[in-house]
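Order of writing sets the chain letters: A, B, C and D. Residues in each chain are counted from 1.
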Amino acid sequence: MLHASDNYWVSGLVVLISLIIVLNVVIAQQGRVPNIRRIPGLNAIDEAIGRATEMGRPALMIPGITGLGVGTLAGLSILGNIAQSIARFGNKVILLSCDPIVTGVAEETIRDAYTNAGRQDLYHDEDVRYLTSEQFAFAAGAAGIMNREKPAASFLFGDFFAESLIFAETGQQIGAIQIAGTPQTEQIPFFLAACDYVIIGEEYYAASAYITRNPTYLGSIVGQDFAKLILISIVLLGVIGASIVQFGHYHAGFGHISVELQKLLDLLKA
Amino acid sequence: MDRTIWHKMQSIDSRYIYAALIVAILIPLFCSKLVYLNIPSKPSIDFYNTIEHIASTEPNGLVIVDGQWSSSSRGENKWQTQAIVTHLMMRHVHFATLSFDTQNHTLTNEIVTALAAKYHYVYGVDYIDWGYRPFQAFTAMLKGLDTDIPGTVVHDSSGKPISSFPIMKGVRDIKDISAIIEISPTSSIDGWLGLVQGVNNTPLLYAPTAISAPKYYTYLDSGQISGMLIGVKGAGDYESLIHQPSFGTRATGALSFVYALIILLVVIGNIGHLKLRAMARTETEK
Amino acid sequence: MTDPNGYLQHILSPSLLFGALGTIALLSLVFKENKLYRLFEHIYLGLALGYDVETTWTEALRPQLWDPIVHDGQWVWVLTIPVGLMFYGVYTRRFEWMSRLVFGIFFGAAAGTVFQDMCQRFVPQVRKSFKPLVPPPPHPGDIHATLHAVSYVLNNALFITILVCVITYFFFAFDIKNKVLLLMARSGRLVLMFAFGALFGATIMTRMALLIDRMYFIFVDWLQWAPK
Amino acid sequence: MKHFFQPINFHEHPGAFYGHIVLGLAVMFGVLGILQAVPRQYRKWIIAVFTFLGGLFYVAEFFLPAHSGKNSLNKYDDVVANIFVVVGAYAIGLGVISLLQLHVRKVVRTAPGWGNSAALIISFLGMTVFGLLNEYAPHRLLFHGRLFSQGIRVTNSSVFDFLFTGGIANFGSAIFSMIAFFIASAAYRAFRVRSLESSLLMTAALIIMLGSVGFGTILTNWLPLGNDPKSEFWANFRIENIAQWLLLQVNTPAQRGILFGITLGELAMALRLWLSLERGSYFDKEV
């Protein structure tokens, strides 16, 4: 499906969901700020930061291994909020980046975090390091740095792939508290096995809302929940429709209805 | 409470685990005479039976062997390729190799030429190498194979027109192809499923890495894929089916040792954990 | 060893020796971080960065900037240079905001493709979830017709139940008090754990095959101690 | 105006060629100068406008009605894609400066570990130089002589092959295979009957493992393979078929459920980015 005009029902559904999200963001920005449920993994962030400060060891951050995409930007947003708390505790951050542009954005994000916390004196250029764009060379470099700098806390938020277990298991073996999240669901089993706290699926995109309680994020979450309601009802209606169509094979009387219903079901066929 | 046996059982140092893992791999690597308990899985048997059926019913049938793997997944795909090509040559089935990855073209050729010498397979008569095409041409080539194979492939890897070879006599389009074999770590088989398999219901055989196999079980159920060699165990299965044990068999043996080690470790860890929990509970009850 | 000189030459052939020493050094990290690992870690990072730079020229800048300008006279591509320089505002205080400007353009581009991605990749998944709870008419001559019908309906019912329960777990803003919904959310998380366990198990074989292949590279390809 | 941007043959009109370049650059730097001169409080608004424009092309290209698969913007797809590739490629310097700055400083100050930093810099220069030489003059002979009583010829491409196939490819496989070690230790530690969730994680993993290896499938090998219709029912209870059923009927809907949530999260994040509604330390900063 290259263009919206290929199937107006599909693109219409996406536009409807987009409008619902934007509407809820605007509503929340005008004061009606909703509340959201607890996300277990994220309560541990303060505990991890406290521990790192007590032990006088830095905190490690990795914003995933892809370029500037929506997943990486969500990760940087979370890491920026965490860095601000770390700065307030007067501790050091080491952020390892796998993409030149992400390095530039990360440098500004961490520098702003320290400035907002009034501790720009603690921020050094070497705290944000670009290693390489090659997946496994980056993993080798990160594992080496983790073993040598021995961070007490490790925050892994972004797009991770096969190398995810190298970061997580290395962090576990140097005794760091690890909190991880990624939109790549195939890697969540490995974070579950090796990290202390893991945020799963859409919790990744709800993390910033949960940490900052910012109206824009909270409004967006409400919009996403409404969208989920719509999708669930579409699926259930589809299941009922498909069942009736199947039932039509047994009763001739249903023949006409099932043809119409089949057309309705195929509206969402890209 | 000094470190009791139960503590030790639930917190074995990782380095001992890694040393045991290396030993579990090296034993089969060095002892090629060891006999391994291996039961071929049903998808492997279906793969084998499909080739056997072609060998007995279509003596001049042509099979396409498409390779998309490179050295990064040679640990699984190399041994699958070797077992498949061995079987094709044993049963004197004609085949044409094709690659959409430069490294694959050299790696596959190394395997085929080595086996061709052993089975006296003649280039141009028993087998042919359609050569390498850039991946950007993948979709266009697949569509072309449906209707006009000589026009789409045009020349073999050495540049000679393929219609000049005896093996290609009478091969016009996909109806003249007995089966398609896809050996790949990626989901490139989606192209064959979407553009070629349905045209003439040509049997499609797939040799993926173990990690990408689950996505395609649905196609096994629906019959769109006729057989599947899953990872290096698929290669081991196939070697035992054609009674030609090679490294695939030993690698499958190593897999069995490694899995046994992991399951043993999980059991030990749980025994230690449950015992300590029971002791702690009796402690609190006192 | 039939021919010691030949064997020595094989062992010491540069490419093979470099690869084998690097493999041993890098894998030694699992036991303990050591000097040899550190050296090959830095060599690997240097090589990878060098390769980044080389491929940036050969696969991006030469074919899409240099050749069009020099060979096809498309001088207009030179105008991308000032935009590219804006990145380097990050190193100055005065032009720092300029780097945000060009980063912003990239944010916009990353966001702009989301509509097509959702229509092309996601909505078909919604469509494929319309699984009927009424079995299809049986194939003629199928002795297990009722069995197939029952398994068809049960499998589809299970599929839809799991799908809806997992989605229910990801509700954040609605304060779920209703008992049934709470149960669905809780069971959604449990099914997720079960699915993640299955995913973990399905990944092991490929990862182990990689280590077996590295052992093959060291003990068969290089040292030739183990049989081929 | 459009004529101004037309290609100019460098050999026939060198003057016009350079003239257009100088004029074009002057205009570009002029625009940047104007942007720089704009009062500080408008800068955030300018960034928002450029972010919106950055995304507008792809949104418009998708939503403009297409006739027989094409709409008026499709002919610019390649040009826009190339612009992002070329401008993005310029950022490589950010990476090189960030990495080399750290290591060159270490070497200059002979700080501890400077030897490794020197090795990094030498490898970097080696791969860059021989990578490019391999592109432009692969077969140039660098050295030939005798080693181990055999003549050897060293060319640019053989040095590149030493660094790439010998180095990068093997090192990549070595690090990739390290994951096998970590899977074993992670499984040992995580698969414990500690809670209902970890028990479920363990059970599913063990079923899949037993279903994919020899000694596992033997547990249910007494059941029929299921080739003929009569034995088809019992074949379902073979462990490899249970494993396959788990991956098909439990894992797939669970993954799809996650996908529903994640895709909505991506859409919401993308909308906030595109419309500059995003908040957080990077976006709230006064510029």
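List of remarks:
Rule of thumb we're sticking to: a residue touches a chain if its C-beta (ideal position, glycine included) is under 8 Å from a C-beta of that chain, and two chains touch if they have at least 3 such contacts.
A quick note: this is a predicted structure, and the numbers were derived from the prediction, not measured.
Here the two chains linked by the largest count of contacting C-beta pairs are C-D.
When every chain is reduced to the mean of its C-alpha atoms, the one closest to the centre of the whole protein set is C. Distance between chain centres (mean CA atoms), chain B to chain C: 21 Å. Taking the mean of the C-alpha atoms as each chain's centre, chain B and chain D sit 26 Å apart. Averaging C-alpha coordinates per chain places the centre of chain C 8 Å away from that of chain D.
Here the CA centre of chain A is 16 Å from the CA centre of chain C. Each of the following residues of chain C touches two or more other chains: 26, 29-30, 38, 41, 44-45, 47-49, 51-52, 87, 90, 96, 100, 106-107, 110-111, 114-116, 118-119, 126, 129, 160, 163-164, 167, 170, 192-193, 196-197, 199-200, 202-205, 207-208, 210-211, 213.
Contact of a single residue of chain B with at least two other chains is seen at positions 14, 18, 21, 210, 214, 230-231, 233, 255, 258-259, 262. Counting only residues that touch two or more partner chains, chain D has 62-63, 88, 91-96, 99, 168-169, 171-173, 175-176, 178-183, 185, 187, 189, 201-202, 206, 209, 212-213, 247, 251, 255, 258-261, 266-267, 269-271, 273. Chain contacts here follow an irregular pattern that is not a line, a ring, a star or a complete set. By the definition of touch given earlier, these chain pairs are in contact: A-C, A-D, B-C, B-D, C-D.
For chain D in complex with chain B, the residues that touch the partner chain are 169, 172-173, 176, 180-181, 183-185, 187-189, 191-194, 202, 206, 209-210, 212-218, 221, 225-226, 240-241, 244, 247-248, 251.
Residues 14-15, 18, 21-22, 25-26, 29-30, 32, 74-76, 209-211, 213-214, 230-233, 247, 251, 254-255, 258-259, 262 of chain B are the ones touching chain C in the complex. By the touch rule above, chain C contacts chain A in their complex via residues 26, 29, 33, 37-38, 41, 44-45, 47-49, 51-52, 87, 90, 96, 99-100, 103, 106-107, 110-111, 114-116, 118-120, 123-124, 126-127, 129-137, 156, 160, 163-164, 167-168, 170-176, 192-193, 196-197, 199-200, 203. By the touch criterion given at the top, residues 1-2, 4, 7, 10-11, 13-15, 18, 34-37, 39, 68-70, 73, 101, 104-105, 107-108, 131-134, 137-138, 140-141, 143-144, 147-148, 185-186, 188-190, 192-193, 200-203, 206, 209, 218, 221-222, 224-225, 228, 231-232, 234-236, 238-239, 241-247, 249-250, 265, 268-270 of chain A touch chain C in their complex. Residues 61-66, 69, 71, 88, 91-96, 98-99, 101-102, 168, 171-172, 175-176, 178-179, 182-183, 185-187, 189-190, 201, 255, 258-262, 264-273, 275, 277-282, 285 of chain D are the ones that touch chain A when the two sit in their complex.
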